[in-house]
Amino acid sequence: MRKKSTKNKAIPHLSCTAEAFVMIHEADPLGIVWHGNYLKYFELGRETFGRTFGIQYNEILEAGFTTPIVQLHCNYKQALKYGEKFSVKTTMLYCQGAKIILDYQIFNTKNELCCEAETTQVFINLQSELMLIAPSFYEEWKRKHNFDLE
Amino acid sequence: MRKKSTKNKAIPHLSCTAEAFVMIHEADPLGIVWHGNYLKYFELGRETFGRTFGIQYNEILEAGFTTPIVQLHCNYKQALKYGEKFSVKTTMLYCQGAKIILDYQIFNTKNELCCEAETTQVFINLQSELMLIAPSFYEEWKRKHNFDLE
Amino acid sequence: MRKKSTKNKAIPHLSCTAEAFVMIHEADPLGIVWHGNYLKYFELGRETFGRTFGIQYNEILEAGFTTPIVQLHCNYKQALKYGEKFSVKTTMLYCQGAKIILDYQIFNTKNELCCEAETTQVFINLQSELMLIAPSFYEEWKRKHNFDLE
Amino acid sequence: MRKKSTKNKAIPHLSCTAEAFVMIHEADPLGIVWHGNYLKYFELGRETFGRTFGIQYNEILEAGFTTPIVQLHCNYKQALKYGEKFSVKTTMLYCQGAKIILDYQIFNTKNELCCEAETTQVFINLQSELMLIAPSFYEEWKRKHNFDLE
């Protein structure tokens, strides 16, 4: 089991923030968000990232690929409660090769870090083959968004 | 962000298996389980572990504690599809101190490993304080279940 | 808004029962199942019905149809709590025409009725057209299962 | 099984609208929202109603009551797809007695009605007793919001 995270550098300009509040069905009998529901908040972050930077699932699919998550690390620091507002900051991490690595930070209204996570996605073509080098549409996307500039 | 997993040893006799199948609302537009839904399968594993070995949330709560998950690592290897049967094998990992570390392995009917994960839980008392040493009820549970025997 | 239910007769031999228990992420801050999660239990009932009587989504799809739910009525009578075991009894209701009507009853371990519901499904072909008469595969299925016998 | 809806009149000024988009984990293998997930959208509507008009779950709880849903009717008209934006219009219906009846309408961006529903909630006090007459805090809320004015 590969368990280490990437420790890769964040790309500050490839970052965006979404806001939401905790719904009653996301909170458990202790009144706090069930740990698995944070993955919906990361999904909100990833979706917002895709909408902001033109790299949604549908756009990737049109280019002929899917990008399944192959690895997830998550640290829970402070529980969000039913009704609480929060923000999800999603930032792309620098990496070489045919992968997308995103970092997520969830903050409450006091700006306290409640949860942070990292996901790694790979590229699969329509024949279900793993891409060993990044697809050209993604290389183009990276150039357009100054992925390599620091 | 602490991202390394524990690499702790499994305790073979503290292990159990649950079985289920993929429901339609757990599969995404690609027909495969949305990655976040595996956490429900791990929850099924953890719940089954608690029922099997007498350490369910309710029993922990009666002893005066909650055991929130503070860390999760997950590797996705092969997607489960709608309708597919699978098993979740949940195994306790050996660790010293006031923590519960569980390992999860999800297998399809061909006995292929589809997903594996590890969660770390801590003990919080009813005053919301983190326990630095394991509560006595848990030490007793460990003795009863030969936690330290190899 | 069409709101009346069918009041159709149950077909006693087209009935099956599934069992499960309430997971922690299905219970809300009051410790009881969030009302929307009962629809997952009805889905379990419908899936079990499909497996038992050979009319699963995949089998319907192979015949060239989908069967979306167009109407749902649900009465909540008694809340299930986290950890509680329950059963879902799913029964087909008699109806003429191109529809599938199922009735669901959820019982706790004291055999008290906790929740009952009814869903109506229609047949849509692969050109997204609503079928006004039942597809032949379904007529065949009804004959095989003595749908019309009382 | 009581299945008829109330056919009660809408109170036009007790109405509000929330907006969201369909997340990937809410869509099923057909690419459309799983029917049970619309209840999360109604919950979003109800929560927004509570925040707009000062009658959230927490406020009701502080007054000494919970308001469980005892009945739900839902008509599905047109499926929302992954990524689609939609709005939920939530409107209170006029009724006498100790009940809250809400009506929900979900519209896509073409302003087509995709789904409509109605929920009935009752008042339960902290001794788990059903209120046969509306609690005074709710009567006050109704006066403040001109519930009876037409």
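A, B, C and D are the chain letters, set down in written order, and residue numbers restart from 1 in every chain.
As a convention for this text, a contact is a pair of C-beta atoms (placed from the backbone, for glycine too) under 8 Å apart; a residue touches a chain by one contact, two chains touch by 3 or more.
Predicted model only: the values in this text are computed from it and were never measured.
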Check: If you take the mean of the Cα atoms for each chain, which one ends up farthest from subunit A?
Finding: C
Item checked: From the options B-D, B-C or C-D, the pair that copies A-C, where over half of the contact pairs coincide -> B-D
Notebook entry, point to check: What is the distance, in whole Å, between the centres of subunit B and subunit D, each centre taken as the mean of its C-alpha atoms?
Noted result: 36
Check: Distance-wise, how many Å sit between the C-alpha centres of subunit A and subunit D, to the nearest whole number?
Finding: 32
Next item on the list: Calculate how many whole Å lie between the centre of subunit A and the centre of subunit B, each centre taken as the average of the chain's C-alpha atoms.
Entry: 23
Notebook entry, point to check: Which residues does subunit A have that touch at least 2 chains other than itself?
Noted result: 24-25, 30, 36, 40, 43, 82
Item checked: In the complex, subunit D residues that touch subunit B -> 24-25, 27-31, 34, 36-37, 82
Checklist line | Parts of subunit A lying in touch with subunit B, wherever the complex brings them together | finding: 1-5, 7, 30, 32, 35-36, 39-40, 42-43, 66, 68-77, 79, 116, 118
Margin query: Under the definition above, what is the set of subunit A residues touching subunit D in their complex?
Written below: 21, 23-25, 40, 43-44, 47, 56-58, 82-83
